[in-house]
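Next come two complexes, and both contain chain A; in the first it sits with chain B, in the second with chain C.
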Partner chain A sequence: MRVFKSVYGCAGVLILVVAAGVAALAQEAPEVGPKAPLAVKPMQSHVGSMTGHAAAAKSDYRRYCAGCHGDYGDSNGENAVWLDPKPRDFTIATFKCRSTPTGTLPTDEDLFNTIGRGVTNSNMPIWNALGPQMRADLVAYIKIFSPRWEKEKAGEPIKIPAEPPVTIESIAHGKALFTKLECWKCHGLHGEGDGPSAATLTDSKDLPIRPYNFAAGKNDSRFKCGDTNQDLYKIFMTGLDGTPMPSFADVIQPNDAWDLVHFLRTLQVNRHGKENEVLSAAHGVIPPYVEKTPAPAAAPSDNKSPGGGN
Partner chain B sequence: MKAQYKFALTACALLIVGLGLLFWAPTTRPVSAAATGGITGTIKLDGTPPRQKPIDMSKEPNCAKEHASNPVTTETVVVGPKGGLKWVVVYISEGLDAGTANQVPPVKPKWDQKGCQYIPHVIALDVNQHFEVVNSDPHSHNIHPLPKPNGANHEWNRSQPPGTPPFDQVWAGEEVAIPVKCNVHPWMHGYMAVVKGPTAVSDENGSYTIKDLPPGNYTVSAWQEVYGNQSQKVTVAAGKPATADFTFKAK
Partner chain C sequence: MRMWAQSHLCQKPQRTPSVLAAAFALAFLILGAGQSASAFPAFARKYGLRCSACHESWPMLNYFGQKFKDNGYQLMNDRDAPIWQNNGYWPVTFRFTPFWSRESTNKVATDQSPTGQQKLTATGFSFGGLDILSGGTLEKNISFLFVPSSDETGAFHFESANVRFDNLLHSPWFNVKVGKFELDSFISEKRELNLSANGATYQLFHFIPVGDGNIFGQLGDNQLAVEWMGHSYNDRTRISITAFNSVDGSPDRPYGQNSYSWFIAGSQAFNTGKLGVQRVGGYAVLGQAATTYATSGGAPVTGSGVGNKDFYRVGFEGLFYLGPKLDFQVFTQHGSDSAWFGQGYGDFIDNPTGVCQSATGPQPCNNTPGTQLIPGARRPTWNGAFVETHVVWHPQFTIFQRSEWVRMSQQSTPGTPSNLGDIDNYVIGYRYNPFMTSRAGFAFHNEFSWLRQRGTAPDGISDLSTNSLMAGFDFAF
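Here is the complex of A and B:
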């Protein structure tokens, strides 16, 4: 009996081993496919005092990210077909949320923040639960997908001056800028994302994309790249690369940019904030913006014709 | 005897200086026009060009008004009255010496946005050649070039409201050609071809002339936005330009 038992036992183990081998082969085959598995380059990230290592994020990437962004970072994960907007394609290294000028790579901190914050109006969840070190490792990991990370450094982050106080004048100037810079062409006159060009917008992969609707959402509504006034400032001064949203850094002075921020906040009609308080104190009316005297040289002629300028 | 020595010495010195000048001159002075050649030719389309659709600019009243009497169409294939193909970029793809290849033209071409169209529709630029992006319209445009990912050039997207000073821009690497679009006006399409060495873009007769090309054997390429690339070998001699005609087949 004993001999029989051990023979059966041996046979059983053997069968299990063979079966496991076959199963492993069968599973392995479609994964390898025509594409070779990606080598994990020794990329790093630096966020505050943390250093992220790509190698440390291999299993986390597969577990949390690959489902949408794909094993090869090409945004062809198995869920990607169902998503709109599509997941970020890491192989082209173009990123929406940056503190750096248009056309440049984001900083490690920018990517780190995006992972932790998630991307509102998309399927990218808030990954705060992953913990800072894991997120720093993931930032390093997504750099293995594009050679751009080996050839280039991140852009120089834009400088954001201290925010001036919110006043009805600053909101009025912001509104004038919103009109002059034609933000309304896409975002609509009331920021509802329904401007005349909204319907035809496409991203850099020629897929339809919607402009941000400021008016939708409750008190806690967020932007794609954050929820603070600084984030809003960054969004239009750096542009969201890969989307139709351009950079206005060449055409807006820093203080004017703050005025635009203050006005944009009033478009978030359901938000309880400083800007909406100032606006309701002014009985909800934004006065027409009067251009300040531009240069001292022009002052004398202005004196001669009071009320003549527009 | 002494006078003879003196003469020989002076002659020697003169000879040395003369030879020096002879060797020194061509390397430092820009190549004189007489010593260079060029390539000229005509580009034709064989077959019926695809219909160019009229552009509805009613969403931008300024532009609709500007073109009211002279409606504009798409410009993907523009054939002139004599069958010449316009907007073809002709450039040297092989055979350039380093000096000619790395010489950046001192001119700063203009890429204008006028009447909701790019003027010119296709521009040829040298690597590292500065060019100006201008907005002549009374409304905003966003300039959004889309180079191939992971190359030397990168996608950027800038807003240019009316009255903004020109943007000074430059491309870092060769690329034929970078598509440019304006997201606000989805009908606006143009191309920037970035190549080293002398280039030309064909006119409405399909003719082009590449100038300032040192004599030698070259491969000359022609690129059209719908029909792609063609190339042929050309030998350029000093003085008179060589000929290279191209014919693209309509799809």
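Here is the complex of A and C:
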């Protein structure tokens, strides 16, 4: 009898506990909680020899990404309201960090690199802890949110010419371009993000946006889209789509762009790099840039060069 | 607190049979006191990430979470320093676990039983203790963790209290931590998924042979220590060396002034494509602890410990993924204690009434000058392993099991049954998180565990086995 009571006592309590669990699980989900997942289209990505599959990333997207980017990729995750800047809206398929011309879709590798690199000055972490295949799958998953990926192909990556040597002249030319192209209007004369237009800038979703402050940060100062000179070159030759930062590809020549890169690096005053070394060697003074006038066509002359024969 | 109860329950029953009943009654208390330093919704709030970003199933870390921890609770972006946080941000998390459980022990010493021992089973509601976890960064590259932890009576102790200087010389290879903290095994008992009385402890993290007096080699206990830890930028390679006082992490139990032990761990992760990122590594505890104490009126004088004797634990650890939904944690150990520990010497401050054998007969467990071991006394030596499996059905639902075995390979006292103290431990359960946000963690947890230790029943002959069934709500906010 004692055993009988004990068994039923246990069973009763177990039922209570399970019932409590079921009741708890049946609570209405909070408004900020997960929604029904989107149907996964069979999108793919191709990064190197890897092929990413959207279906394989469904769970990882919920685990790592949806909190900010939202279950529907519309940047309305439960954290989005607290974030500044706001997370990327995948439904419009507009991306800042690309190797492709402005207005075009990025390559799969661009997105893959962004995930692994993170985005400085934002809440986007460095996700290089995720395996490459997982990141490739996530790239494919991102594509399910916008029909653009089904209608358009990624743009052709821009060509980046070899970087010329850093000289005080290239820095001086870059500074002249910085003025001529009116970069200072947003970024400020000293690149501190405090130009006269800075306070008025908004992104493509009419949200306030701040221009990059080159002077902030320490030696590890990074840009949103990387930390190499090539990355910086790409930024103003492709533009940061969705932001006021335009592409200058139609305005400046490749070598001029490199000069601008060299000057912008000197605005990162805390960075130890060859640009600041060259500037230090010039005692911190950037000489005025003298526009090189094209050499006049050689006038006919009767003078013969020395040693010239007939 | 949990560790003490566990070690007495499983390791020394023949000397302290009454502790069995106490341990049984304390089973509820045990449950909640052990999972300190676990999941941190405060971190999730700070960075705006879901718990699942860092936890395979909280509190168990995934690769991203391990990297975050190794970076000093930093994502290594410009939001790491607290100066960038809203003034209202407060890096504190509370963890609490109300539950129902059924605890059963096959043989408990009682006056009512004709044989002197009987089976006892008890059921009831209870709750675990409260963990208050405060951690994060004081400034970029200076991190801290502070964890006052209580049992269900409200008695607090400091589970962790440390500060860490991260990325010294701008290198991830130079991180120094000082204070009380968990040893750097990437398979962490503090972050295991198990909660039940017989499942919440990795036996190998606390194993002490029957009659052994070495309480100092428990790598599952947080230690008073200094740690150098280095890792590669992507955390694929990680290595650490820790020097700790041989006091089992308790500053109020100063066994000796000159007893230090070392913990060395290293691991390497490698990518295996669609299977995931695998990690393999090894560890070693190389220690020494006091066995000789001055006494005053027969009572041990704290801090007087000398006569250090040695011990070691070495093993392999691995974390293997077979795709995104299935992984295995494998942990092995080969351990050995000095014969002095094997004869019960060492734990004299806490157990001054214990009796140890010597060549001249029983005596207090104090290795006073002239003491000689019994003839033939040897180093107790053992081997063990566990395999823990996680089926992550989806980020909110995880099924787990653990199978663990410890086998003595050499008893300290000749003639002792070769399997005395051997342990088998099996755990199975699931954990369901009804929601997944960056504000709080909440899980419905159901688990069954079974533990058997050979030859440690009150009669000193038969096996002692216990099992636990628990269902509860584990939450952190």
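We adopt the following convention: the second predicted complex is superposed on the first by the 257 of 310 C-alpha atoms of A that agree within 3 Å, B and C clash if a C-alpha of one lies under 4 Å from a C-alpha of the other, contacts with A are read in each partner's own complex, and residues count from 1 in each chain.
One rule holds in what follows: a contact is a pair of C-beta atoms (placed from the backbone, for glycine too) under 8 Å apart; a residue touches a chain by one contact, two chains touch by 3 or more.
Given the structure is predicted, the values throughout are model-derived calculations rather than measurements.
Visitor: Identify the partner contact of A:A162: answer first if only chain B is touched, second if only chain C is, both if each is, neither if none is.
Guide: After superposition on chain A, A:A162 lies in contact with neither partner.
Visitor: For A:A39, using the defined touch cut-off, is the partner it touches chain B, chain C, both, or neither? Pick first, second, both or neither.
Guide: Touch status of A:A39: no partner.
Visitor: Once the structures are superposed on A, label A:A281 by its partner contacts, choosing first (chain B), second (chain C), both or neither.
Guide: So A:A281 meets neither chain B nor chain C here.
Visitor: Return first, second, both or neither, reflecting whether A:G67 touches chain B, chain C, both chains, or no partner chain.
Guide: Only chain C; A:G67 stays clear of chain B.
Visitor: Could you tell me if A:T91 is touching chain B, chain C, both of them or neither one (first, second, both, neither)?
Guide: First partner only, chain B.
Visitor: Where does A:P244 make contact in the superposed view: on chain B (first), on chain C (second), on both, or on neither?
Guide: The answer is first: A:P244 touches chain B but not chain C.
Visitor: With both structures placed on chain A, which of the two partners, chain B or chain C, ends up touching more residues of chain A?
Guide: Larger number of chain A residues touched: C.
Visitor: Considering only the touch criterion stated at the top, classify A:G103 as touching first (chain B), second (chain C), both, or neither.
Guide: Once the two structures are laid over each other on A, A:G103 reaches chain B alone.
Visitor: Which residues of chain B touch chain A in their complex?
Guide: 59, 139-140, 142-144, 146, 149-150, 154-161, 164, 167, 183-186
Visitor: Which positions of chain A touch chain B when the two form their complex?
Guide: Its residues touching chain B are 91-94, 102-104, 146-148, 180-182, 185-186, 196-197, 200-202, 204, 239, 241-251.
Visitor: What residues on chain C touch chain A, complex-wise?
Guide: These residues of chain C touch chain A: 47-50, 52-53, 63-64, 66-67, 75-79, 100, 102, 121, 123, 170, 234-235, 271, 273-274, 276-277, 324-325, 394-395, 432, 434-439, 444, 446, 471, 473.
Visitor: What residues of chain A sit close enough to touch chain C in their complex?
Guide: 6, 9-10, 13-14, 16-18, 21, 24-25, 27, 29-30, 32-34, 56, 59-60, 62-64, 66-68, 78-79, 82-83, 118, 120-134, 217, 219-220
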